[in-house]
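Chain IDs A, B, C and D follow the sequence of writing; residue 1 opens each chain.
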Amino acid sequence: MKSSAILLVSCPDAKGEVASIADFVYRHGGNILHADEHADEESGLFLMRVEFDPKDFDIDLADKDLADFRRQFSPIAEKFRMTWRLALSSHRPRMIIFVSKYDHCLVDLLYRHQSGELACEIPLIISNHPDNQRVANFYKIPYAVVSITKDNKQQAERQVQSLIEEHKADFMVLARYMQIFSSDFVNRYPQRIINIHHGFLPAFIGAKPYHQAFERGVKLIGATSHYVTEVLDDGPIIEQDVVRVSHRDTVDDLIRKGRDLEKVVLSRAVRLHVENRILLYGNKTVVF
Amino acid sequence: MKSSAILLVSCPDAKGEVASIADFVYRHGGNILHADEHADEESGLFLMRVEFDPKDFDIDLADKDLADFRRQFSPIAEKFRMTWRLALSSHRPRMIIFVSKYDHCLVDLLYRHQSGELACEIPLIISNHPDNQRVANFYKIPYAVVSITKDNKQQAERQVQSLIEEHKADFMVLARYMQIFSSDFVNRYPQRIINIHHGFLPAFIGAKPYHQAFERGVKLIGATSHYVTEVLDDGPIIEQDVVRVSHRDTVDDLIRKGRDLEKVVLSRAVRLHVENRILLYGNKTVVF
Amino acid sequence: MKSSAILLVSCPDAKGEVASIADFVYRHGGNILHADEHADEESGLFLMRVEFDPKDFDIDLADKDLADFRRQFSPIAEKFRMTWRLALSSHRPRMIIFVSKYDHCLVDLLYRHQSGELACEIPLIISNHPDNQRVANFYKIPYAVVSITKDNKQQAERQVQSLIEEHKADFMVLARYMQIFSSDFVNRYPQRIINIHHGFLPAFIGAKPYHQAFERGVKLIGATSHYVTEVLDDGPIIEQDVVRVSHRDTVDDLIRKGRDLEKVVLSRAVRLHVENRILLYGNKTVVF
Amino acid sequence: MKSSAILLVSCPDAKGEVASIADFVYRHGGNILHADEHADEESGLFLMRVEFDPKDFDIDLADKDLADFRRQFSPIAEKFRMTWRLALSSHRPRMIIFVSKYDHCLVDLLYRHQSGELACEIPLIISNHPDNQRVANFYKIPYAVVSITKDNKQQAERQVQSLIEEHKADFMVLARYMQIFSSDFVNRYPQRIINIHHGFLPAFIGAKPYHQAFERGVKLIGATSHYVTEVLDDGPIIEQDVVRVSHRDTVDDLIRKGRDLEKVVLSRAVRLHVENRILLYGNKTVVF
């Protein structure tokens, strides 16, 4: 994969935005590889993702603070009141995986990572159980056990937070992590915690969604990957998928079929996040 | 299509049920074409559908009351405490279609009926608007307008009920009929009213499900066909399906994509009902 | 739907193309609503679709020959050796539908057209059979019968050609039209004839694809919409979809299930064509 | 999962077959849990799968040769000229996995086996490369390397055959095994070798199906699991599935998306085989 730079922009919709950005990239020697944009009529927002080849780009992108880019781009950013971010595909974001006992999503993510599907680093796995140490060892990823109980929740979250800082994590993935973080914790990491819910949200919010689905007698079950917000299972949806079930399927069959869904849906969401393809507007995602 | 007889059975699970039924059909000269059964562990129920060729059957099935069959089958039925029903594929059930202004499901059902996909009669279309008269004329189906307002609801339902009786309807299909029947009315026709809901139940119950789905930012929208019960959008689900959407889709796009879903899901449900493939247990369906 | 202008561009990949086009639109007062592009590495081709709001555009687009636009845009077009086309959403392209006896795709297209899903005109239906006259009448579309036999093929094609010219058709849709046009005829209308093949191309080319699929025992059947080229069932694929089948499905069931596929796949392809979303490179399509 | 006995029957279609089998099971104290049957009109074949609870069955099923069952069932079997087989869910069939360098299907099967999804034993993995030894070790499965070259093919197949016998394998799975067995070898194991083909058969037979699919510009790619026969990629299809692709997908993307398909399709096929749900008629499968 060629190295590329990705510019993500969000601003009030106005004339000349595409032209200004495309012209900026061109004037500085960049070659646009992909450009996607979306204008949301309801909110009047304009969202854009531009991926360009920075080989001949005349602005220094090696600087971690992007000071030069920031200075040169600021006239456009200010004119259009842009919120923006520049990512380099050469920078592999650091992802911490959280897991409890169910290991299917963990194993799936580690395998995909190893096979090159996910262009990120995995500095650490955090679990509230020791069970998945052996898998972590096989893939040579450090594994930290942080027990969480009703009584030590605040302290445990502080410990998790320290680990996140220590390992310089860019984002976190809850790969069937059976603990609910406090609002305080969640609000610290906006658009930086990805969860997989084993139900077709907004149906079957909360605990035991497969049992809920079985009770209701649905003919399709689903899984949903979303960013975590303060409200349980309510954050911006990144990806969803479903699979057909029938009266022949027991709850155990739903759980088994669901595992395949969860793996695929979560790994797609992680990949989209890693490739900087997701922009938020309100409580919704644009996936470019 | 060959003529066939379909025996539908529901009873407490017990040994010897399949053998007794298969033997009964065989002893009387029937040839089993299809046999499906399901034992529901939770409720301890056994459900079975046997389709047989009655060409050489030695029990008279021409009698409308099936007195002979009833007498001969009663020892088995009583032994296993069976609830049962015998249907003949030569009998085309009579379906009344209810429609308001949106005509896509109506047009779809009429076309499928004409092309032979639905082995039923359509003696009448009932609407609360005159708009779809022209379509009814094209397909040569009588069209009755029964206005329903807040004030005349009880009276209107009596009128509808008279039409159902007069036209000897076996079942009713609400093809995007925008009125909610009273509990009294609904309870009169258990497992005899099929609705199409333009949402993936149990998500997005009630009004404007596509708008709800748009607001929530889901990545798939769905449609659900179910039997109507007293509780809104809560009856046994017959069929569901979904289609992918993205940030590029406006509410209008959701409505457009949803039309295709609604047509396919409703027509599948109607076909399954007409072919006597649906059995109920609790608030769930077995679809054989 | 707002009126918009759509610029479609195809050229050798080079730096500055997005910027030049975006800047051109902006300088002349257009507001870009959607922009999509694709660079094909293999062929070195750059393809782009830009949709803009022409309300304040200072170039006259009312002129049918677009002489003014052509003059102003030519420096860019020449610099990058662009093949380009400008379409106005206010111009509803004229589509002639070809049909034989099977009417499901015809009925589906006419219904969608009437309900506003397809922003085109339908000046004429051409058939080699009189059977579908009644449907045409219902939708008030002229219906011409052009019989084709082995002996009169050349003459029949000349007659069809006259009808195409007379009705100023922009493109033709073969909605289960059971005749194969000559190479001469086909080559006259590149990327202007859309066909629906009732098989998952490139599997099951030629006659009776559902019978072929049944014989092979596949677990999914498909339908494919493509532009017609000289080579049978080999043109650029626009859209495909599949549906699950099993041993319980007879050939008749495959045909029935296939009808739903064909309708959906063909209508999606027509809609994409009407909205100027399809660009060709080699024998493949980019669908924006 | 309860222990059960599964009777698989194939015979010319005739009256009384279901009754005779159901009665036989009942008379001997078995309780039918599931019964599925299919009559194929073309070939005049009747196929049936009966799963029953043998807890109170009065015929000895512990005997490996099933001599008692054989004797008692033979009158029915002879009367209807049945080909039949009795399997016990308590017997876990022995599966040898063949793999080359691509490990995704291998890893997936091993993980599913470990998590209890596949009720079989895996006595051995055979590969023509040493690469996947480490994965085998992690799952504690013996791993044999049998190099195959043009010159030693006959000898290598003899070696494989010895391993199959030595490990008493019931069936073999080619989990992206990049060698083609000789007809001699294949014919030794009818309906006992399962392959995964990374294309939507019968499209894209042979080598590099994803490259073929990319060249043709299809909008969906597929994977197919089938029993291996003498003719390449032509055996009875067990399971297929597809995933959507677009012009944005490179060949590498097709390969990546295809991996997920291959895993799911192959593991479903293996599970169906292990649960004795597949019957053959001609070159086709019935999947109960």
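Just a few scattered comments:
The rule we apply is simple: contacts are C-beta pairs under 8 Å (C-beta built on N, C-alpha and C of every residue); 3 or more make two chains touch, one makes a residue touch a chain.
Predicted, not measured: the structure shown is a model, and the values here were computed from it.
The chain with its Cα centre farthest from the Cα centre of subunit A is B. Mostly identical positions are employed by subunit A and subunit D in their mutual contact, as over half of the interface residue numbers are shared between these two copies.
Taking the mean of the C-alpha atoms as each chain's centre, subunit A and subunit C sit 37 Å apart.
Shown for subunit D are the residues in touch with two or more other chains, of which there are none. The residues of subunit A lying in touch with subunit C in their complex are 15-20, 22-23, 25-27, 29, 31-37, 39.
On the side of subunit C, the complex with subunit B involves touching residues 104, 107, 111, 115, 117, 138, 256, 260, 264.
Subunit A meets subunit B in the complex at residues 38, 40-41, 200-204, 216-220, 222, 236-242, 246-248, 250, 283-287.
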